[in-house]
Each structure stands twice: as structure tokens, then as C-alpha cells.
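What follows is chain A paired twice: with chain B in the first complex and chain C in the second.
What follows is the complex of A and B.
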């Protein structure tokens, strides 16, 4: 059975048995190389679910929303029972949300599916120098792409991997209730290069310069935050008015403040899914900086988020052996 | 001069001449992202793009602008943006969008001094679309890849040269002012080129009736369903050429405050939150309904037109593929009786 059929059958069964109220998965998108998050509540509708190389969104972003009822309801409904289809990155985010008490474990059915790395339409546009991808057809790792001029090009799927997927080493969820297909083992990244490492190696002053210049493109829509499963705060610090932490955005300093604030909140929590970068409407490369956080969590605290439910997040515990170099010797 | 052409080889010289009299703005590309900015020379212009990533509205409603400053004793109005400007190479949908914004910022009830000054001082030299994207749907909203609404001068890329047509008196004066760069007649070619372009549009919706259909749908339970995947990121509004909501906020200065106007968006969580703590639109479904109702029901009731020009930016950029064309299609396809129940 194909993974897609298996997903449909599993979802249908869970709904029919009344084990869950809702299945969060992917449906066919309206644009080439896009699948769209979808919410299935009736077993009859499972045919809408698809599984292909374009299921890029991190579906964990919806969990805290599912468990946050309308704040003005006098009698909020009981929390729903939710099944969620997870790749490696979604799965790691779900673990983080459970640990941070944003999604009750007992209400979740985590369905782990195998991921070969997802393909990104924006990467395809860049690789082909195209304005628009009109159609994409994948056969055995080769993707035939039609651009807006009608030109067809066949590209190795590796070249079209979403940036986060090129670097991913945990392509299967570590915590789950059901599996579909054969989950890939932890492995070397699929197609890394050293662009992020190059940033990490720079002296602090150069890092700061690169950060400021990249961030200066930002229009402060905060879509990066909205797309991030970790950014579930009921009111983000950037939106608070009493007190008002942020300036209006008229000065670069305001933008820097927002990004430093958000980045610090991600330390030891970011699973490097790339959702923030892909949501950005103006192409700010946030991943360089989140990558650094991930590397820091690994190197300073030997911690990789989202792999088990017990290990405490590094910034919530003090251990006598904790690294202090970043304070005493930041270079 | 009202209808002529300019050899592309002359573009650099033309820009230099125009720059002596005007601030020149145009589309610039950076790693596939096209935005409007000051243009110093022809090689900065990205004129082969299909549509810009961010709309040209930011030249009229900047992301942030100072309205006035209070220095501790006096209120000082920010000087009006009086400089003369030319925007080169924006698309017809963005020009049409400005005529819709006029209905809010330059109408009987309100004349926003900053907006009105910028509009009055800016010549719009638009570039017609010969290669609409599959996500463009201007024709469904009453626009056209060769549309002239809001345009002063329309250009069409003919390969070696730009055809140029004056649409308004301001456009005519502009072409006359730089007459030495234009020569010959292009008459006759326009209709044919326009027809070829509109023939490439793929969306067959007709949105004229959406407003009526929406009349009975405010309380409908569809809103929860259709907005379920929306993450409230506001990308759709920030890129939209007709979304204009703004926020007024105080920035502290050494001695007082600056009143800043900045973009806002009805999809944001805090958008409708009252000082009392009450929020009339506390959930995504209510916020999303507001967005659609404003564009396709309230706006047409107030100004006669949908507040969407079909540029397709929201379609392309929504991170969860919430496609407004699909939604509008579904609303139109629903039986009218169901809509008014």
C-alpha cells in the first residue's frame, strides 16, 4: 500500500472508531509544488488527504491553536482529540509542544510517516531562474518541471530540496503512536553545503554585520513567528502594548530587537524545520541565524530538541558543568 | 508623442534625463524578490519580472512614516513629501489598486495629506503584462494586463523597444517633456497585443456577484472551515496592493514622542483588541471573515468596487496555500438560496 493510501486508511479508521475528532494532514494544493494543510473531521472525507514531496509545512503549528479555545467563551469546549501526520521535523516540534504543555499527550495521536526530504517551489524557481513553476512531476527521484514559458527541465530532486531538508538528520519522528511505511533511520544530511558553517566561523563583528544587513530587508510582518510551532505565546512580546517592548519599526533597531527577541526564545527549542524562512514574504534568510542556535545547543549543551519526552530543555535547568564560554569568552 | 516608442538602447540616457527632474523609482530584484526602490541607473531596473513581490503601494503608504513630532513643548507636523517622482515599470494592477486606495485616502470625507501629496507628485509609467502568471487573475476583478486605470503612461515591451502611450494629460506632458527619446508611431499594435495578453489569463471567475453572495453569509459556519489552516501571518495583507489598514503608534524621542503610522493587518491577533480587553474578533475565523467581507462586500457597498485587483500576490505567498481564488469560486458556486438563508 502506498503511504498516501495508508494515511487515508489510518485516518479513516481513527475517525470512524471515534478515537480522534480531527486529523491534521495535507491536501492537494492549488499551485504546482504545493500541498496545503488540511483538517479532516469525517471518515468520509479522508480521500482529500495526500502524501507527496510537497508536504512541506510543519503541521505542529496548528496544535497549540487546536488547544486554545476562543478566549471569550464562558464555557470552552473540552480539548479535542487530534491525530497529526508528522515528518521528522513536525514530530520534533510536537515533542517540544508536549513538554512545554501546549498539547496534552493523551489527546494526541501522532502518526509518523517516512520523509525523503521535501521539495520547495521557491528553491526550484531559484535553481531554474524561473518566475513561476507551472507543473512538476516526480518519477524515481527525477523531477520534470515546467516553468511559466512552457519550458520543461528535468532536475534531480536533491537540487530542489527545501533548505532545511538538505541539512536534516532526523527525517523520522522519534515519538509516535502509529507509523506508516518504513521510517528512515537517522542519517547524514541529504545535501548540505557549508554556507551556514561559514557564518558560524565568522568573527563576532562580521556576524553582527551580516545579521543587520540581512534583517534590514524585514518588513516586520512577523509571519516568521506566526509560522513557527514554537511561537505559541497568547500574546507575543512583540505585540504587547502594556508594557510596549518594541518601537514602531521605523528604526532598524526595532527590527533587530524583534529578531533578537524571537531568536533568543528559540534557543534550544528550534528544530530547524525552516517554516519561518518559507513564510517570509520578502525572503529574509533567517535560517543562517537559527542554524547557529541549533549548533550552539548541540555544541554547548549536547542537546538536540524534540527527540524524547523526558530530557529537560537546556535553558530550563542548571548543571554545574554547563558551558560558560559564551559569557566569558564570546569570541 | 501621445503614442510612440523608445528604443531600449536609449533607456539609460532616458533615465539620466528623467533623474535630473524627478526621483525615479522602479522594480529591483534581489535573489528572486522584487521590490520597488530608488533607481540610479538602467541596470538596476528589473523590467522582465512578471509582478513585483511587494506591491508599489509602499511608495504611497510607506511601511512606517512620521506623522508629527511632539518635542516636549510643540507639535511639529512632518513636512509633506513634495518631491516630484516617477514610478517606472509597475504593473497595471498596481496602478488600478491606487485608484481604489484613493477611495479611502482621497475622498469626500478624508484627504490624507501625505497620501494626496504623493499621488499628486507622482507620474505612473506602467509596463503592460505580456506574460501573466498562472496565479494572476486581474481580468476576473475588472482589470486587464493592458489595463489603463490609474496609469499615466503605458509601456509595452516589444523586444527591441518599448511602445509608449499617454493615458492621462499628465502622461502626455511627461512624454512631451522627454520627446527626444520617443519616435515613430505604434498605433494599431496596441489592440492586438492587449488581446494576446488577456487571452493568456487562466482564471475564469467573474467576481462582480461575490458581494451579493456574501450578503447573507456573515453568520455562516463556513468561516471556521475555510480559515482553519490560516495561521494569521498577515503576509497576504502586507503584500496586497489594496490593503491599507494602519496603526498609529508613539515612538519615544529624547524629549518627547514621534507619532508613527505603520502598516497593520486585520489578520493580526491584536488588530481589533479594545483597551478594555474585549476583542470583537477573538478568533481566526472572525478575522478572516473580516478580511474577505471588507474586500468583497463592505468595500463594494461603499465604493462600488471589490477591493481586489487580482494581482495574485496573496495566492503566491500564503504559506499555507489558502487560495483566495478557490474561496471566491466556492462562494460563487454555492447556491444563491443557501447564501441568503
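What follows is the complex of A and C.
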């Protein structure tokens, strides 16, 4: 049975048995190379579910919303039982949300599916130099892409991988209730991250220049925040008026503040899923900055988010021997 | 904060000092009449663990040239472990700020106990000299209300 059929059958069964109220998965999207997140509540609708190489979004982003009671309701209904289809990155985000008490473990059915890396329409446009992708069809690792002029090109799927997927090392969820198909083992990244390494080697002044020039592209639409499963605060500091952390964004300083604040809130939490990067309409390179937090959590505290339900988030605990080398000693 | 012309620029430094150790250390430096650079604006906080990275970022966003956070030495925290949790946050914040291109001297962390008035004075001298050396903040100020 194909993974897609298996997903449909599993989802249908869970809904028919009343084990879950909602299945979060992917349906056919309206654009080529983009599957759309979908919410299935009736066993009859499971035919909408698809599984292909275009299921990019991090579905964990919807979970905290499922468990946030409507403040208008005097008697909120009991929290729903939710099944969610997860790739490696989604699964790691789900673990983070459980630990941060945004989703009760007992109400979740985590369905882990294999992921070979997802393909990104923006990457395809860049590779082909095309304006628009109107159709894409994958057969055995070769993707036939039709662009807006009707020209067909066949490209190896490796060339179309989303940025985050090229560097992914945890391809399967570590915590799950059910699996579908054969889960892939942890793997080395497909390519070394030269761009990040090159950035890290730059002198501080150049880093600041590059950071500012990236951030100055930002139009403060906050789509990066909406796409990130970790950004679940009901009132973000960026929208708060008391205290008024930042202005509306008319000044570059405010945009920088938004990003420093949002980025640093990902410290020890970011799973490097790339959802924020792909959500950005103007192509701000956020990964160069989020990845630093991933790397530091690992190097300083030996912590990789989303792999273990028991391990405490690194910034909520301490160890007597934590690094002190950044402390200023006047003597 | 108004921007002065470059020749008469003096650094503005925000210092978050914990109530139980570093603030008392600053107080001791004062009552002992020790001399130190007058560029610091002290904000008293209950514990270095109270200082959110957002406070530090906000100080920079609002035009500070430098930020210092100081708490009790590890093991001496009035709340037992507030400074130890803070230490983790600060070590990540410091490397992260360096990663985006903020000079390492711009944001500094230290431990000063209530009996260390002299240490506080020399710490302030050091921080002020560091900031004078690297010059005014590169961070463009945002909207300040």
C-alpha cells in the first residue's frame, strides 16, 4: 500500500472509531508544487488527504490553536482529540509543544510518516529560471516540471529540495503513536552548509552589515511568525502596546528589534524546519540566524530540540558547570 | 535619547543590577566614595534571573551604547539558582548577538557581590573604556515613546 493510501485508511479508521475528532494532514493544493494543510473531521472525507513531495508546511503550527479555548465561551468544550501527520521536523515541533504545554500528550495521536525531503517551488523557480511553475510530476526521483511558457524540464529531485531539507538530519519523528511506511534513519545532511560557515567566518562588522541588509528587506508581514509552530503566543511582544516594545516598523531599528526578539525566542526551541524562511514573501534569509541558535543549543548545552519528551528545555534549567567564559571579570 | 555629535559623544550604558548583590555592591562603591565613570544608568532588578533578553535588546533598541547585567556570584543567589538560569540565557544571547554582528563588548555580564564595591567600580571603568573604544552603537534606534 502506498503511504498516501495508508494515511487515508489510518485516518478513516481513527475517525470512524471515534479515537480522534480531527486529523491534520495535507490535501491537494491549488498551486503546483504546494500541498495545502487540511483538517479532516469525518471519515468520509479522508480521500482528500494526499502524501507527496510537496507537503512542506510544518503542521505542528496548528496544534496549539486546537487547544486554545475560545475566550468568548463561558464553558469551553473539552479539548479535542487530534491526530497529526508528521514528518521529522513536524514531529520534533510537536514534542516541543507538548513540553511547553501547548498540546496535551493524551489528546494527540502522532502519526509518523517517512520523509525524503520535500521539494520547494521557489527552489524550482530558481533552478529553472522560471517565473511560475504550473505543473510538476514526480516519478522515481525525477520531477517533470512545466513552467509558465509550457516548457517541460525534468530535474533530479535532489536539486529541488527545500533548504531546510538539504541540511536535515532527523528525517523521522522520534516520538509517535503510529507509523506509516518505513521510517528513515537519522542521516547526515545532503550537503555541508557552506553558506552558513562562510557567514560565521566573517568579521563582526560584516556580519552586522549582512544582517541589516537582510532585515531591511523585511516588510514586517510577520508571516515568519505565523508559520512557526513555536510562535504560539496569543499576544506577541511585537503587537503588545503595554509595554510598547517596538514601533510600527517605520524605522529599521524596529524591524531589527522584531527579528532579534523573535529569533532569540527560538533559542533552544528551533527545529530548523525552515517554515519561517519559506513563508517569507520577500526572501529574507532567516536561516543564517536561526541556525546559530540550533548550533549553540547543541554546543553549549548538548541539546537537540524535539527528540525526547523527558529532557527539559535547555533555558529552563542549569548545570553547575555551565560555561562562564563570557563573564566579564574586571580584575 | 538625543544623538550627540561625534566629538562630544559619551557612551550611555544601562546596567541591570540585582537587588541583593550587585546593586548593593554599587551602593558600597558609592558610600565608599570610589571614583568610576558616570556613564551608567542603573536599573535595579530583583535578581539577574529577572532580566529577560528582551530587556537587553530593548535597551539597545532605545539607544543604549552598552548594556551590563550583573548578579550575585554563582552559589550566592538570594533565590538559590536565579543567576544560574540567567547564565544559560546570557551565554546564548551573547553568542547570538555576536553572530548578528553586535560587538562582544557591547553587552556584558558579570558577577559582583554586596561586599565588592571596588570590583564594581573597576567593572564600570572597564565597561566604559570598552564602549568608548568601540564607539557609538551601530544599532539604529527605533521608535521611542
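Simple rule for what comes next: the second predicted complex is superposed on the first by the 320 of 331 C-alpha atoms of A that agree within 3 Å, B and C clash if a C-alpha of one lies under 4 Å from a C-alpha of the other, contacts with A are read in each partner's own complex, and residues count from 1 in each chain.
Assume a residue touches a chain if its C-beta (ideal position, glycine included) is under 8 Å from a C-beta of that chain, and two chains touch if they have at least 3 such contacts.
Quantities reported herein were computed from a predicted structural model and do not represent experimental measurements.
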| item | value |
| --- | --- |
| Touched partner set for A:96, first chain B, second chain C, both or neither | neither |
| Which superposed partner A:250 touches (first chain B, second chain C, both, neither) | both |
| Chain B versus chain C as contact partner of A:39, first or second or both or neither | first |
| Touched partner set for A:209, first chain B, second chain C, both or neither | second |
| Chain B versus chain C as contact partner of A:261, first or second or both or neither | second |
| First (chain B), second (chain C), both or neither touched by A:88 | neither |
| Contacts of A:126 with chain B and chain C, given as first, second, both or neither | first |
| Touched partner set for A:117, first chain B, second chain C, both or neither | neither |
| Chain B versus chain C as contact partner of A:305, first or second or both or neither | neither |
| Chain A residues contacted in one complex by chain B, in the other by chain C | 247-248, 250-251 |
| Chain B contact footprint on chain A (complex, rising order) | 29-31, 34-39, 57, 61-62, 65, 70-72, 122, 125-126, 131-132, 134, 148-149, 217, 219-223, 226-227, 235, 239, 241, 247-251, 275, 278-279, 281-283 |
| Residues of chain B touching chain A in the complex | 30-33, 35, 49-50, 53-54, 63-66, 131, 133-135, 228-229, 231-235, 238-239, 249-252, 258, 260, 262-263, 265, 268-270, 278-279, 282-284, 315-317, 319-323, 325-326 |
| Residue ranges of chain C touching chain A (in the complex, touch as defined) | 53-54, 57-58, 61, 68, 74, 81, 84-85, 87-104, 108-111, 119, 122-123, 125-127, 138-143, 145 |
| Chain A residues touching chain C - in the complex, by the definition given at the top | 200, 204-212, 237, 244-248, 250-254, 256-257, 260-261, 263-264, 267-268, 289, 292-293, 296-297, 300-301, 314-318, 320, 322-324, 326-331 |
